[in-house]
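Next, two complexes with chain A in common: one pairs it with chain B, the other with chain C.
Then we have the complex of A and B:
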């Protein structure tokens, strides 16, 4: 079969369809090929060539946890795999096999509780980070927004998929902010994890009831491989800015925002990677910063000023000058008082100075006008911009290690990517784009080697397929530690990386087998119950 | 163009869902965060901007057929372009609404056009208007206006009235106020009378391209005959057709197109708008109102100036050759409203290029009435949430749909009050301190007249 018509399984049986309709109502079950294919077009973050992943056998849209449980039980009765889907961005959200029922959680879009005093919020799967942030800012609160951006579901991220973001330096990574979880097991039973399960409110994710948070999450998350999460409590953080932000001039490029008092955005530039890394350590030790990230020079230009980027990329003199800015990151300071703000700015200035760097306000930087970059980071409205330069990107590597080792991965990542660029597997982005975030109170750095490519260019797409393998094997062979986003190269990645990381994959496989004895919760991107051969390659 | 010519757009969608939301940086609440009426109402991803690209690609790739089911998805859309705005915050290489248009054109070719759309086209062919009302009654409204006959007299401004304003008695006050605004310019203003015909926009949006071409040729000839140096419109659908669709489809009117709100804004800026409607007791009698404004899609994001096609890969396309909505007419109507006595102006959250649609476009008012009214009701809810007692807009189709939605709300027992009014009529009322022409509840809408 051709690529375009591949991955289409047999239609759903009449009995199974009837059961699903009983579970959610006829209106909320679709099996027409057009609707099914709209869930099978997932070109982002997939290792296979082309647009299509497996076409689900049906799409169901439950309205609450009871209906989710009924769907999962129906799938068990008919031995159908199922895969939960919330905001659904990327191949890991879709069907990994034939005969998968896609459970679209779009109707579960309620903010159920907002406890301002205790700084927690309880949400369903189809509430986005941008929505929550807009609602809680008027109460002087904010939430951690993971790297994928504010268009995504914080429930899906916190329960199932990595979780680092610009605000990790002050708010941790997503699973740290879970305050309780409602979970439909792969067998259809409903489990409540955390203090709310005993009526004690959303004050602790780990008790007085049982804590299964580690089992659910591990480090990277199961990407839908161990059931469906239907409700979570999330921790909120103080916000000293205004209730609403006035935006003018554009919504990304050209965006104009007045940075509010007690807030500032600073680019810190260093002459070498050693000083850069040492400064990151000191920032972590000092406990300063509201948000932080490395603003990749080439990538940032490609997103914000694509025409300028192309001219720079193609001009050797410019190119080298721009790469001189490689060792830089941005720190956003958000003070709660003037003294607090002044203190953090002064400490940041001292740290940068001690490591021979320079520090400048980002106001007016690049295409984002005054304050635009600051708001783009706070709202995290940047991530979809990654598609502007070439149409797609891939994220691999990922330190998630002590800062020095994470930066070592970044260096190796650059070296690998140089090779891929040379052979035409991905776009030339000036290479310095190892996205870097501090998290875990500055103890760890998260790096991602981002690769720009166009999946519509089939030849480039085929060549790039080797990148995830190359990265994974480089991590092992060069003992770089921390697989990060390499985990999302599919179940195969766990088989390659697990033996070098305390055999975590064996433990996760035992959990998977216990929770999902029939292997029905689609684990294309999680642990496969039968090992590397069954996992498939890529 | 053809559906196939948008394959690269379809394949390029990364499924980030920016097409479903107002731009992320602009979201101020969960309640008013969505921009796409189609997926808002139908939920499954296939109905979103992204999903329709997926469906079209599925068909092109031979994975599914272009059948009634596919046509249903493409027609469950107001063609408002909200998805395009969300997408183009991040993408230079995807044109969503243009792709949907080609899918609708394909639906027409394959015999899947909606019956209501076929009737609309038949009406246009028979009577030169979308309602099928007698063409010789098109200019009845103008009997007492002494406007020049642009077919035989030289005019400076050719006022293209449009189908809705020509036949809809319930919007007569807004139309007459627009005429007064035009007169205040001091230019010679005329119409084409019964020779005026539909702009073709509503048929084009339903997938009937040839209607736009045929009616476009007629319009070009009428403009040339009139000798006008400007075409003025009070209907946003006509504005979007003349300002964007015509040049894109090779129809050159040869003169600029101005919407009445732009002309009124200029008059307001130099202080002469008051002269159009002033009475001895003018400002003192202005009724205090809290007014919010609805941006019509075809005056806003769909009404941008046509900037030509980029000659190269879309991925390299500069911003100024894309249709990202930012070049729509947004400030002029607001400037008018803010200039009016008695008006306290408040904004909704979904405004300008990321405005929520009124639901009347894309053939939905004709072919998907319940969906169309639901979309309008959602907008009324947003307007009410601002505390406004008046919802002003610049398009008679929006006024009609909002009015229908309000009637439905009343029928459902919801008696919250909000007045729906065209911007010219509101200017007349606020400046004159009185209602220029009494609107009676028995005024005939063109839908009623057509039946």
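Then we have the complex of A and C:
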């Protein structure tokens, strides 16, 4: 499949190319069409029609922050938009317009500092969560892994995107795990945000005085629209397992893992939504749990056994049988001592019992073998499986608030998705797959209504924007948390959501203008500067 | 780079803002008539001279805003208006079995909102997930006169009542959307926005409590132990003080100073968890005892001892004796403070450096108190040194503070919340930050009416910082 011609801009000018080569060295600037095309194949959460995103005008691969700053300054001199790329995942990681220089940060892949005593690590953009886990688990530590999974960059997530994950109940939300940020402004100046700015190490991401974290990101990140981030400090959390885990079998089917002592994984099933919700509140009060999430029934089967799922989905009675298990969640317990582990398991059992539920080991769930699901959650290797059933998916809802509101999001999301399935906008996954998890001892919660679709299916591809818009308007009309994943829809989402949310879009735009007056840091998934027309959506 | 305008034409006066009044009108009037505004929510003498009128600004007194519009035990959240003090809020929380993690012995008139907006250090690191905690959402007023509610309080849902009906309780502290204006206003000392309320995360009050203490000469051993227990999120309040600090608090509160004979005292409370309370206490205490034994530290249980009274007073919000608004000012009527962040394992050389400088200036050994507060689930340490001196003596310290701050920054201290003489040397080290904050100020306070000249928005401080950028 070749790239649509309307997504290919003009070739880069000789002067600009020369400047970029001066910034990083000739070897690290690529304009070969086949290389550029590879950056245009990022169809996740692309809500416009078509498979490809824009092909960048050049790809540059800086080796450090100084080179990144030089690249950004070169882009400013030649009035070229630029977009940072770490490990990628979707359209928001790629060029949002024609003539964008893609700054691929893959050479910046080093763990720079590890402070075991104070549970902090300093990393560059291309370090993945899996890399960090491998380093820190030997010291009894772990990190929060966001929804995209362990193959992704925690820097990109914490600075520039969202930050929910299975471990949110005990490790929070990614941007709240920052301990400092090195930031190349859209104009090319380097800013050090937090304590390391004055040479004090990575002890605080805020100050002196106001915290520039607030200009960098909010609930969502700017997805490349507010400069480039070249180094962050991140918090680490305790890990009670061994330095290494023996894993055998495939990535999903029949994966066998010996769950180590002090660790366990339990599925808790309830007969109705009210009991399920009350149990979530009680888990929050109790202060237990290392990881927690709802394991969507239809989706779980679709990920684990996509072929089988497609074959049996429409068998008589199958849907009803699976939906009978929809009010459930999985809790991973990690104890510091045997007594602590036993206590948390007992408390979980008490809560489940009080709410008329049942509690079982997760061994064998989602077509995994013994311990497989436990490790898939600790490692967060489930997320990429989302592409298995139909080739692509879309996340909706996600405006995080009280558990009560998160449950409403699940109910409304299910209702909306019934309609999407009926009109052929997405695949039938038995409807129930609202993925709900708790943050920080259950203070608030996240609901994600996932929609499976095939971006190569022209009809589904065409209907995705309508689906996205329907959810966005429902969020406003039915008071569902906040913008959530609607920000994936691109800059135009702000014109819909902003007037209903304190006109935040006006302030966001003014800040963008103040920091990026020429609107060169690709604002497709952020917001365009005041007085600068967005290059169109779709 | 231009610095923000500083209004100069105004008389100093005080306007008390009544409940329900649109703060935007006051701000728009200041813009139109060209004078500055300073807001104050607390009452009584300010520790750092903040909230006073300088440069001809008008003082907006927010202390009359005293409602608690939301208090929910189910959601573990409350909304408090700017004038609500810790001591006013506490009985309301007690009645619901809740607690708000608070800083060490706030003055009687200390506003909860002011304390949170200033990122004051709370005493319970296990509940301190991020530096903004326990603040969640806020109602802010910018220098344009516009109101802005942050986090999930932004909506959707046009009113708080509408949001409550939909199950939204102003809990998500981030955003809205892709900027976080609360983080910009927090720590800005009113220079980027005034807050009229904040929502706060609350914790369940433990049924059973244990008061523990470790006395030791060697801070490094205490640091290792604190790292071990905070890694497991054990303990509620965890704080470290030296003898002088404990003695001064005890004297101010009228309780026994106890028998702390060593230089350092680690005060540690343990609370039962809501489920299986006795079992949870035993489980936590066993871990703490094992970790203390492994570190070779003597763990004392204070239940039933004379020392427990002081422990209870330090970790709670005790009634202050008559005529005492602030324990720090009780003895001499004055106090000078240096507060910064580092890690607990790096704190001692910094502490000793300050002590050495102050002793050299003739401050007595018994007048220098040290307080170390683990934060951020134990990853960070707030270091606070207090010189309990009479106001007349304080100027001796003031003259040397800027140099001392320079030395501390060189040695690795981070002045996250600089005040007074610490402001200039701190911002001089980060011209890149100052330059960016000025761009932010131009958006949120384009006329420069909010606390003119505060922090790095003082023209002289900004000029020095910009010089640092251009020379680096």
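Side notes on the structure shown:
The rule is simple: the second predicted complex is superposed on the first by the 515 of 538 C-alpha atoms of A that agree within 3 Å, B and C clash if a C-alpha of one lies under 4 Å from a C-alpha of the other, contacts with A are read in each partner's own complex, and residues count from 1 in each chain.
Everything that follows uses one rule, which is that a contact is a pair of C-beta atoms (placed from the backbone, for glycine too) under 8 Å apart; a residue touches a chain by one contact, two chains touch by 3 or more.
The shown structure was predicted, so the numbers you read here are calculated from the model rather than taken from an experiment.
Applying the stated clash criterion after superposition on chain A shows that chain B and chain C can sit side by side. Of the two partner chains placed by superposition, only chain B is touched by A:106; chain C is not.
Judged by the touch definition given at the top, the superposed model places A:35 against chain B, while chain C stays out of reach. More residues of chain A are in touch with C than with the other of chain B and chain C.
By the touch criterion defined above, A:10 lies against neither chain B nor chain C after alignment on the C-alpha atoms of chain A. Centred on chain A, the angle reaching out to chain B and chain C in the chain A superposition, using CA centres, is 130 degrees in steps of 10.
Once chain A of one complex is fitted onto chain A of the other, the partner contacts of A:443 are limited to chain C, with no touch recorded for chain B. Put simply, the nearest alpha carbons of chain B and chain C end up 23 Å apart when the two models share chain A. Across the complex, chain A is touched by residues 8, 11-18, 21, 23-30, 33, 43-46, 48, 50-51, 53-55, 57-59, 61-65, 69-70, 73, 89-93, 315-316, 318-319, 326, 354 of chain B. Residues of chain A touching chain C in their complex: 115, 117-120, 172-173, 175-177, 179, 185, 189-193, 195, 197-201, 203-215, 217-223, 225, 235, 238, 281, 284-288, 336-337, 339-340, 343, 346-347, 350-351, 399-402, 404-405, 407-408, 440, 443-444, 475-476, 478-483, 487, 494, 497-498, 500-502, 504-505, 507-508, 510-511, 514-515, 526-527. Chain C makes touch with chain A in their complex at residues 74-77, 119, 129-132, 147-149, 151-152, 154-158, 162-163, 165-169, 171-172, 174-189, 191-192, 201, 204, 224, 227, 231-232, 273-276, 279-280, 283, 286-287, 341-346, 376-381, 409-410, 412-418, 426-427, 429-430, 432-433, 435-437, 439-440, 442-444, 455-456. Across the complex, chain A meets chain B through its residues 4-5, 8, 30, 32-35, 37-44, 51-52, 55, 59, 61, 87-90, 104, 106-107, 111, 127-128, 130-135, 149-151, 244-245, 247, 250-253, 255, 306-307, 310, 375-376, 379-381, 383-385, 387-392, 454-456.
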